[in-house]
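Would you mind keeping the following structure in view while I ask a few things?
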């Protein structure tokens, strides 16, 4: 059974190497500051006690006043999973977070998808272009204000 | 169809091949022209072979001696040799053309002014 | 019964000859190298037709097999590997055209002159009323041939089965050619095979890219 | 040994050549003499004596017989069975349709409805061109008025002809699929063999009992 | 002999017969050898995730059918698991067993399609495809008895399934379980030892295991590299901890390994179905108290299952209404395409098609 | 004109009716008297007879193609547990006609970038050489169009012309798929021609004649037994030359969408298909003639029927191959030709040479001895080659198979 790590557990794990990175946590998830995310991701991937070698899923959510990107991480060795959430700035204009593609290559298409459909820009992604829709499509359809 | 007529055809094809060899720039076309010239020679050789036998005897039952066979078939033997040589020549020629093409991105003989690779 | 000498053969000859000449002309005139190669194949095919008319069926088949089936395909293959095919069949300039044309015409005239001037012993006519040629080729020599001559298999022969003898002089060309190769022209034959081998190795050596991993 | 695997493969294909094909011919099936005789309930010899012309055609492979495709009783087809006697015009089906392809209009004139009467459903349009036969409309129908049908031969040349209107629904032969209708299934009803089901026959798939009603209408509300 | 040739760019697809849908691969060839490949897709994008925001939780079940349309049952399963997790619904046991039976049958059907088309891409002139389709038809027959549809089932509901299996289902299932192993043997006789298949697939499309893990690959691809990661074992959802089955693994990570893993998984799935059939208990298939309009509390949930093509995840955010606020699908086919370029570059045209077939994608799921 | 042509009674009748001839074969004239034309017009009679014969052969070939297309579709369908065409005509026999009508009424599209001359010539070129092959095949003890003294060589030569079609189609379409297909086709044809010719030489050594009539005449024992290695090589080579599975990579449907005929439509595409099927029939006829003792059989059936039976058997084998095997890759195909078939062919050549040196004119008994020796050589050499080229020992190639299994009858639903 994959242990879903509770938010505070993950928060303490992250605090062990980057204290200021944790922006908060709740029952199931932990919030990480956008600017420290690449370093945290690298550590989560590399450190033996976290060992999140497997990036399960990247989802972007539109919370009207801000956007959030949710990472579901799994460690194949320890068989535990964590949910890391990143708030992409305040407001709706130009949400941007650093890409985690250098750490997990599996993020390549998922980040492109999130950019395409939700308009979250991933800085440092080598090939950030639309994946489902064609170049020049107006807007990002998964936003709540699309065609409203 | 007389010997002269066949030789006439052979001569014309040979001349066309000669023109191609002299006037064309593309190495492949020059090669093709050389093949045409070989071909013209073949025609002539076979024609000579054919006209050593009277037309009357072509379809009648005959028995030839070995000397006769030799003299009748010499022309065809020549043609076979020529075909073999031409095959060898075209292989080499094409390999050369390809080698040149790889070096210079061109197969034009006028570009080949130096002998160095 | 023979159709040799009838108008059909003449008509067929001229049709095939004109085709061969036209295809040969097109080889050196069309701009597209691919088409030039294709016309070369057509010229070879027409030549094979000429061979059939000249009673050399074996050679005709060999011509198709080697020239049409192998050499031309090889040329076409190379053409397709080389760029600028559609406009690639250029001449070297006006001078080359004129010089080449002049040389070709002169040579053709020379050959034709020689061909028509020479007094070929026209066997077709000569043998019409005169059996000496036929005798030279056939029956009379049977007795005189040495018993151990035995090199070349006789076509037919006195006791030969009528089925074979019925077919005429060029019936077993292939067998006789083969025998000639390994008896009379054996040296030339060996030299040719060496030449072929050398060409094969040379072509391989040339086509291998220098410094490339094999 | 090299090549042995290929030979094994050949044996498999040869074996399958001996099996009966799994494809089904539709809408009619080509039969030989035996098949045709069997279909007419005679033995082949008898058949050949009685109907020699047909026998010759069958031997030539030209005879065909109609084919009914095997279908499960739950098969969700393209058409709908609607019992007007049961429908109250509540339009639950229209509301819960994921694609919103059902249009129900009851009494546009605003006629007074007396007690004991039901709404007169004037428009009941189902746009089959977009229907995906998910059956949610049937699942949510509280009075079991709407049932899935089991037809699948409604191909039309134009999309507009695929619209089922209320008249069509009323006239449709009443052979409901047993999909989400356990009461029909319990009776062993099969739309492909059984008779047409009257509105009284189809019953309710979930009889509301009083305790449940009380729970949902009284207890939960007063909570 | 190496010749300098012009690299040519060819669009494989979107109408190429072997791209399994409207998929486009922009490939650059040097002669017959692939030097670059870029997948282009989105031709079948229908905005399913956006549509979910306008549908109730049950209505969306019908749309999950349309994502991976050769494995609709598992799509349904993932979705209802996510909803159950979100709303805290405890499903009724009989419903869960039925869900497992149908999901495993669906896995067999999906693998049958995958193997058939894989062989079709190898150029087998549709013979293995026809055989696998024949067996798939039997599974579809079972599904038709079970839920009245052959492709788009919409069988599952939060809390269980919509209706119990009819009586005639069980003997048919028995026959199928009895005969199917023979058919699998037959495929193996036809394919697994075939020298042409071996020479075409062994050692081709190799990717090391750590690259696969890093690229989030999942499903048979991952297991063909020797990584024992199967959510049914490692994160047993439903009652997978109550059934016994083995995890087929291969270590070569090439096209043949992917094929052989699928073949073995079919055998294991048959085992699972047998176990489920033995353990299934009578009772309701859906708890009475679960309403048709599920109203989960505010919050989010992520449920993932082992779909035939890999890890299928649903991330659902609820705002307390009858429709999800946001639904994200982690589609295995989509993410498995990440490594397509690595698998293709350096191989030949024919290998490209085969490797692509061995990934077993489904465009309905890739584009969603 | 040679008299072999007149061995067939049918042809002789036509000819002898038309022309008064001095030939002993026509001594009695035709059945309806002789000499419709005056003396000296034999050539006209010859032309007319030739035309009639060509007309007959071409149409017979086309009819055979139609029947074969139907047969192959039915057979492949049965191999795939399907039914095959059965709607149109008795047992679906008219399906090829319906296909033909469909093909004829389709729009004939020539791509804008195509080289029109080359593009339009290519489909013709695939049909003509195949038709030419039928000229030398002895269909029965006295039925053939021409008894060429270089018949075997002629067949190889004419078939090698077929590669022009692929090249021209590929080049003329100016389509990259088509070009790749053309390259593959040429590489394939060039590779397989050599082993095929070498395999044939073994046969020629025994017969001592290249005439197909003589070859059949000398086949007291079918050469498939006397020359098993040559037969195998020639069979594989033929399948490769006509580009059928598993060697159909020039038109690989799943890779190149039809290869060199990707851009063709309508009747030109139909010509390609007809050419391929005709080539299949021609190859089967060649194999029948060269290795399965042609029209020879036992007394109770006429020789035409014997030829037909053997032809159908070969076609069945080819269809079976097609229905079972996946496709190889281009480098594997050529490697198989050069590394596998060529050494085998060379070995066959050596063994046959030695054997025919021992028995220059083998009788039936000697042929059987040759057959036994050659079979042994074939078994040993194929096994050795399989060890050299095959999978490494220890690799699991065979599954846990089980016994033959027949399913219960498919029960109807509901």
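The letters A, B, C, D, E and F name the chains in turn, as written, and every chain counts its residues from 1.
One rule holds in what follows: a residue touches a chain if its C-beta (ideal position, glycine included) is under 8 Å from a C-beta of that chain, and two chains touch if they have at least 3 such contacts.
Values in this document were obtained by computation on a predicted structure and should not be read as measured data.
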Those chains which touch chain E and also touch chain D: F
B-C or D-F - the one linked by more C-beta pairs in contact: B-C
Centrality ranking, top chain (CA atoms only): F
Centre-of-Cα separation between chain D and chain C, whole angstrom: 77
Chain E-chain F separation of Cα centroids, rounded to whole Å: 44
Chain centre separation in whole Å, for chain E relative to chain A (CA means): 25
CA centroid of chain A to CA centroid of chain F, Å: 64
For chain A, residues contacting two or more additional chains: none
Per-residue overlap in chain C, given as positions that touch at least 2 other chains: 1-2, 58, 62, 70, 81, 83, 166-167, 173, 204, 207, 209
Sequence positions of chain D contacting 2 or more other chains: 2-6, 8-9, 12-13, 15-16, 22, 71-73
List of chain F residues in touch with chain C within their complex: 1-3, 21-23, 42-43, 46-47, 115, 117-118, 148-150, 153-154, 156-158, 160-161, 163-164, 167-168, 171, 179, 182-183, 186, 189-190, 193, 208, 210
Interfacial residue positions of chain B with respect to chain C in the complex: 1-26, 28-29, 31-33, 35-36, 39, 42-43, 46-47, 49-70, 72-73, 76-77, 79-81, 83-92, 94-99, 101-102, 105, 107-110, 117
Chain F-touching residues of chain E, taken from the complex the two chains share: 8, 10, 16-18, 29, 32, 119-127, 130-131, 134, 141, 144-145, 168, 172, 175, 179, 181-183, 185-186, 188-190, 192-200, 348-353
Touching residues (chain side chain F, partner chain E) in the complex: 76, 79-82, 176-177, 180, 183, 245-246, 248-249, 252-257, 322-332, 390-391, 397-402, 405, 407-408, 411, 413-414
Touching residues on chain E, where the partner in the complex is chain A: 41-42, 45, 47, 49-50, 210-211, 213-217, 227, 229, 231, 234-236, 241, 300, 302, 304, 311, 313, 315, 317, 325-326, 328, 330, 334-335, 337-339, 367-368
